[in-house]
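I'd like to ask you about the structure that follows.
Each chain gets a letter, A, B, C, D and E, in the order it is written, and its residues are counted from 1.
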Amino acid sequence: MKYVDQTLVHKRMNSRVLKNNILKQVFLIATLFGLAVLAILIFRVVTQGIAWIDWNFLTGKLSTFPEKAGIMGAILGTSYLMLIVIPVTLIIGVGTAIYMELYAKKGKLQSFIATNISNLAGVPSIVYGLLGLTIFVRVMDFGNVVLAGGLTLSLLVLPIVIVAAQEAIRAVPGHLSEASYGMGATKWQTVKKIILPAALPGIITGAILAVSRAIGETAPLTVLGIPAFLLPFPEGIFDTFTALPMQIYYWTLDASLVDEYAYLAAATIIVLLVLLFILNAIAVIIRNKFQQRY
Amino acid sequence: MTTLTEDKHAYSGSTNNRVVYDTKDLNLWYGQTHALKDINLSIYEKEVTAIIGPSGCGKSTFIKTLNRMVELVPTVSTSGTITYNDKSILDKTFKVEDLRTQVGMVFQKPNPFPKSIYDNITYGPKIHGIRSKKVLDEIVERSLRGASIWDEVKDRLKENAYGLSGGQQQRLCIARCLAIEPEVILMDEPTSALDPKSTLRIEELVQELKKEYSIIIVTHNMQQAARISDKTAFFLNGEVVEYDKTDTIFTTPSDNRTEDYISGRFG
Amino acid sequence: MTTLTEDKHAYSGSTNNRVVYDTKDLNLWYGQTHALKDINLSIYEKEVTAIIGPSGCGKSTFIKTLNRMVELVPTVSTSGTITYNDKSILDKTFKVEDLRTQVGMVFQKPNPFPKSIYDNITYGPKIHGIRSKKVLDEIVERSLRGASIWDEVKDRLKENAYGLSGGQQQRLCIARCLAIEPEVILMDEPTSALDPKSTLRIEELVQELKKEYSIIIVTHNMQQAARISDKTAFFLNGEVVEYDKTDTIFTTPSDNRTEDYISGRFG
Amino acid sequence: GGSDSEEENNDSEDASSESANAEGDSESAELEGNVVIDGSGTVYPLMQRLAEEYMVNEQEGVSVEVSRAGTSAGFERFLAEDGTDFNDASRLIKDEEKAKAEELGIDIMEIKVALDGLTIVTNPENEWATELTEDQVKGIFMGEYTNWSDINPDWPEEKIQTYGPNENHGTYEFFYENILEEQDLVSDINLQQDYSTLVTLVAEDKNAIGFFGFGYYDNNQDKVNAVGIDFGEGAVTPSLETIGEEGPYANFTRPVFTYLNVGMAEEKAQVLDYAKFVAEEANTFAGETGFAPIPDEEAQAQLEEIEGIE
Amino acid sequence: MTTNSGSEKKSAVNVREMIAEKKRKRNFSALTEKIIPILLLIIASISILTTVGIIYTLLSEAFEFFKRIPIWEFISGTVLKPLSQEPEFGLLPLLNGTIISSVIAMLVAGPIGIMSAVYLSEYASEKVRKTLKPLLEILAGIPTIVYGFFAFTFVTPVIRAVFPAVEATNILSPGLVMGVMIIPMIASLSEDAMTSVPNSMREGALALGATKLETTFKVVIPAALSGIISSFVLGISRAIGETMIVTIASGSSKNFTFDITQSMQTMTAYIVEVSGGEAPAGSTIYYSLYAVALTLFVFTLIMNLLARYVSRKFREEY
């Protein structure tokens, strides 16, 4: 006795195959949807903002007059922030990763730290803002200066760097460290001379991704109380500052006061996006160029 | 085969060399797995000692125990003693770095560092504090000559070691090991990833090296053991079934498991 | 060995079965690699056809071509024709799903779905539109009985298939394949991941199944081919060197490459 | 305003700042350090403008930071140890705040910088409610009328949607305290933190009626309509001319202030200098940022009071 | 040749001796070896300190808040009027705004994300996958302030052009844009989960005559379910924590409503609003900030732990 009726199977086959083919197109469209939004977003921003970008805009001081306004202060502010974020996250992030991957004994402490890191990665950035406000601005009394902002952003992106560094270290083949130990090298010598250099491209890629996250972060800075209007350029980490995303935020808010502020916001977004694309391109280049053959 | 072993018989059996390694009731566990069982072996200076046996019998484990590399696996525990030059090396107080400086190791897969050839060789001397450029240059040349790869690479010392062929890489690894002038060289199937021609060169090199160094070599290839070693230990399931002069093992083994293995009946 | 083949000779040679598969000048390339070269083979109904040959000779490629699974590799291109029950199946217009419903396949590594045993078996019937619980239950029992695993699993049909042993998993995969009542079953080294005991059960099962199904089996194990097959094709470098009754191949091969292979001189 | 008028403004500023320079030559020593200002978002456009003017034309070495947390929030920052130097306020300081200042020993000085006209705005499509009496405005915002037709049967029978800045803003407090006389606002009023949102909301909602400072109306005349208010003598629409403590729009006129921490001014020369600058120049820039100037005499008196610090 | 070098060796440097000598002098390296792990542990504990800092900051200030406003009143209150003369601190309007915006976001990101993942892992050729995936990931890298701007100046007007009833600030538009932002996260993580399903599983299904679609939905997705679910949970936690998009595009009305055409405030936007320039210390409003932040933190913590739990629990064995 046959349960599977081949003629019936055959009949249903057409609709099944058709369904497959139709849904394939649906899935493709879904994939392209995100890209279409991306294209619209970029198109909108560029058409609104591109006309406002000129030398004066890039190098000038802030102004209440749209034609005079420049974003050098914000660019410098963002740069100073990164000057803190990069070393701080690299030192803490790589240190933590080395500890977790190479020194920590498998056990409660190690898994506690690991859980903790993955939780920190999910804490909303605005909460980091409150942390920064309480700890750096108030308790440590730095005020709303670059240092406070930089440290706040550092903590925020730290999990990204840690995870990237952990992965990079894990990817270093064991036979390299074995060779080093086999020569009588100590653990730290092996870490310093073999493991870290081999993991470096991965670490740098992670750091760049972290930096590009930090560059665009606005929420924590709004909580820190960054001045809305500030002309002088920051000259050090103890100066008050404004940053590119904050400038975008304030101009967006004030578009009702002066219509052109919306275009300035768009122009600033272009600058920010270009910065991000450059950073990501560097990350990709590093990843491709320094990929070691083992 | 017989010709080869008899050839060597001449100087391997006659010399009455000093013992460099001596293991007493050595046992080793990976967690619950009993990987080495009551190993008692004496290994002699300036000889080639081959370790043979089927896969998983504990050959690698054994030679990694000799320089305590096996401890990189966190679950490892040992009992018994190993003395190296009359010092007990399994004591936790014994500095593994010192031991590993005197006992070099060559691995199955060539594992040069992703650095230049020059930096590969000087890695060992440098970590041990040798900084002088002149001395380092000398060490590089001497080690590369010692591993008979000098002529092939002398013009490209600054190039990345990964540009070399597999066989060259393995000789580079041997050179890297010679650079710190160890007394003993441990080799874990150094030719198993290589083509026959490269294998031959390494085998010749081993013959050359044993004038200066004591060599312990793990191999899957019985012909190789027969060709190059003075003594052979046959491992099975973590035990030493038989340990004797190589020609004895290959011609008149006293244990029939050895005979079975050598004649290819298992493994 | 000889006894076994002769045993079968009785009914394999005598029946004059219908041709199910017929390949004409079949060629296949993976990108530039020419993996199958001018294959001309006729495969008969209700026989066991064994495909043997050294690693990389194209055995898997060949049977995957028979149900067009080989097309999952994007670089594949073919020429020539394969007719299955007189229909040309290599035409792009031919629905692979249809073909695969009539031609079941069992893989080297048992690959049950991570679902219950019951769901594994009913997967096929369900996608083909069978919904009735009663019918499905019956199919499950019959398929599992057909793969002689019913007694072992009948009390745990709701349990995950990954709780079964390797041999049981493989029989489950055969049962899964039987559930859609194919005409042909392709097997790609179905026992190579199994222990000898499980292998024996599968071999017995194949003998059982050929009463109902045409079976094409790839195997590395020549004894196996000799034991269970009616016809044997010997592949070498993508070509069919020889194709004949199994006992002919194993006793009086006409090509000496076949003889070399069977006598273990290469591969 | 197009860029033309802006150009004109520029010219006039240059002229005025030059004259300011000439006047204050004797004390125009190079100053540095910073001046920290927080407070009202309503006053922010004017203060931002003044700050820019000061930094560009007066004292390049001084950094004037202007924030905009809102009047009340600003006072919290102002009345604290190491607090801000100035706090902009769109209402008078409250008694509690004064008490707190005394408690902390902070000596504060009130500087009236300009006059704002609380503007009632509607959607441009709203062609009926172009004029309302003061009482109707109150009624609307206190929830006495639900539909437009409740006010005038000729008007649409549609629900009135009320909007306003939230309690963070002095504008709200002025409206609540001075216009509604502390009676509760209608419960479903849509209160917003950001003026841009507010403007958009009114601009997009046909049945909207909202209130905010004149400056926000002034900049968005194309998006919202100002309602003429009848205070008993006919409808008056707010403008720089009608706004004034004695003017026809007086009932809806309120002064805006900045409060100076006198201690800071004594301590830091740049703070004092900036206070003088504000007192002197506020009237110059009030108009272009949507405020009416205060009477000159009053301005002069304030300036003298500030000069009396030191 | 080698013999030569052997004799040279005697005449030249003696490395063994040099090493032995250096070793005697360089005892400090033993110290380094001891210090380094301790130093690294200290560095690693900074991440713990951060958590402690967050919890301490939030708890201590929130505690002050709950002294003034009973916790139950906070959690169950439907009215939020922090600045009014008779302030009321009900969490529900914010909770509502947060949940609704996250739900909208997930309604966009969930289906589209998973469909993209299916396309990329099951249908697309290697080449297409390699181009589309990084392009899609650009979406995840765009700063949220840019999305906020986009939602407010583009998406809202477009929605209102089609549905005039929608308010100028509403929860719908930021919810949708947040969804777009989360698409790549779900697509990418789900795709990873699906690609790691062994091919033998697909072959098993295809060999039974299943279409690709049937294989995907009945075999691949169930097998990858743990990864897919945890990508969803992570997406939700991202949506809950997202700040700038809602701050800019949803306004600050504290409506307790389920009408997505209206303006609502999320917990994150409340924090931005109230902290304004710099939060005035000491007032109840100031403390309410931390009470809300604490709630937010607890929410995302639960989500993160859930994601971990899910990916461990639902992992199918194969």
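Going forward, contacts are C-beta pairs under 8 Å (C-beta built on N, C-alpha and C of every residue); 3 or more make two chains touch, one makes a residue touch a chain.
A quick map from chain label to UniProt name: A = Phosphate transport system permease protein PstA; B, C = Phosphate ABC transporter ATP-binding protein; E = Phosphate transport system permease protein.
Since the model is a prediction, treat every value here as computed from it, not as a measurement.
**Student:** Which chains are shared contacts of subunit A and subunit D?
**Tutor:** Chains in contact with subunit A as well as subunit D: E.
**Student:** Which neighbours do subunit C and subunit D have in common?
**Tutor:** Looking at subunit D and subunit C together, the chains touching each of them are A, E.
**Student:** Measuring between Cα centroids, what's the chain most distant from subunit C?
**Tutor:** That would be chain D.
**Student:** Please give the pair of chains with the highest number of C-beta contact pairs.
**Tutor:** Counting C-beta pairs in contact for each chain pair, the top pair is A-E.
**Student:** Rotating subunit B so that its CA atoms sit on those of subunit C: what angle is that, to a multiple of 5 degrees?
**Tutor:** It works out to 175 degrees.
**Student:** Counting in whole Å, what is the centre-to-centre distance of subunit C and subunit E, each centre being its mean C-alpha position?
**Tutor:** Distance between chain centres, rounded to whole Å: 48 Å.
**Student:** In angstrom, rounded to a whole number, how far apart do the mean CA points of subunit A and subunit E lie?
**Tutor:** 12
**Student:** What whole-Å value do you get for the distance between subunit D and subunit E if each is reduced to the mean of its CA atoms?
**Tutor:** So the centroids are 41 Å from each other.
**Student:** Any chance you could list the residues of subunit B touching two or more other chains?
**Tutor:** 98, 101, 128, 180
**Student:** Check each residue of subunit D and list the ones that touch at least two other chains.
**Tutor:** 67-69, 194, 200
**Student:** What are the residue numbers in subunit A that touch two or more other chains?
**Tutor:** Within subunit A, residues 9, 16-17, 186, 189, 225, 228, 252-253 contact more than one other chain.
**Student:** Between which chains does touch occur?
**Tutor:** In this structure, the chains touch in these pairs: A-B, A-C, A-D, A-E, B-E, C-E, D-E.
**Student:** Using the touch rule from the top, collect the residues of subunit B that touch subunit A in their complex.
**Tutor:** It is residues 67, 69, 72, 74, 97-102, 104-105, 107, 109, 111-115, 123-124, 127-128, 162, 173, 176-177, 180 of subunit B that touch subunit A.
**Student:** Tell me, which parts of subunit E touch subunit A in their complex?
**Tutor:** 29, 32-33, 36-37, 39-41, 43-48, 50-51, 53-54, 57-58, 61, 111-112, 115-116, 118-120, 123-124, 132, 135-136, 138-139, 141-150, 152-154, 180, 183-184, 187, 209, 211-214, 234, 237-238, 240-244, 247-248, 268, 271-272, 275-279, 281, 289-290, 293, 296-297, 300-301, 303-305, 307-308
**Student:** So in the complex, which bits of subunit A are touching subunit D?
**Tutor:** Touching subunit D: residues 62-65, 67, 225, 227-232, 240, 252-259 of subunit A.
**Student:** Under the touch definition given earlier, write down the residues of subunit A that touch subunit C in their complex.
**Tutor:** Those residues of subunit A that touch subunit C are 2-4, 6, 8-10, 12-13, 16-17.
**Student:** If we count contacts the way the header does, which residues on subunit E are in touch with subunit B in the complex?
**Tutor:** Going by the criterion above, the answer is residues 1-6, 8-9, 12-16, 18-19, 22-23, 25-26.
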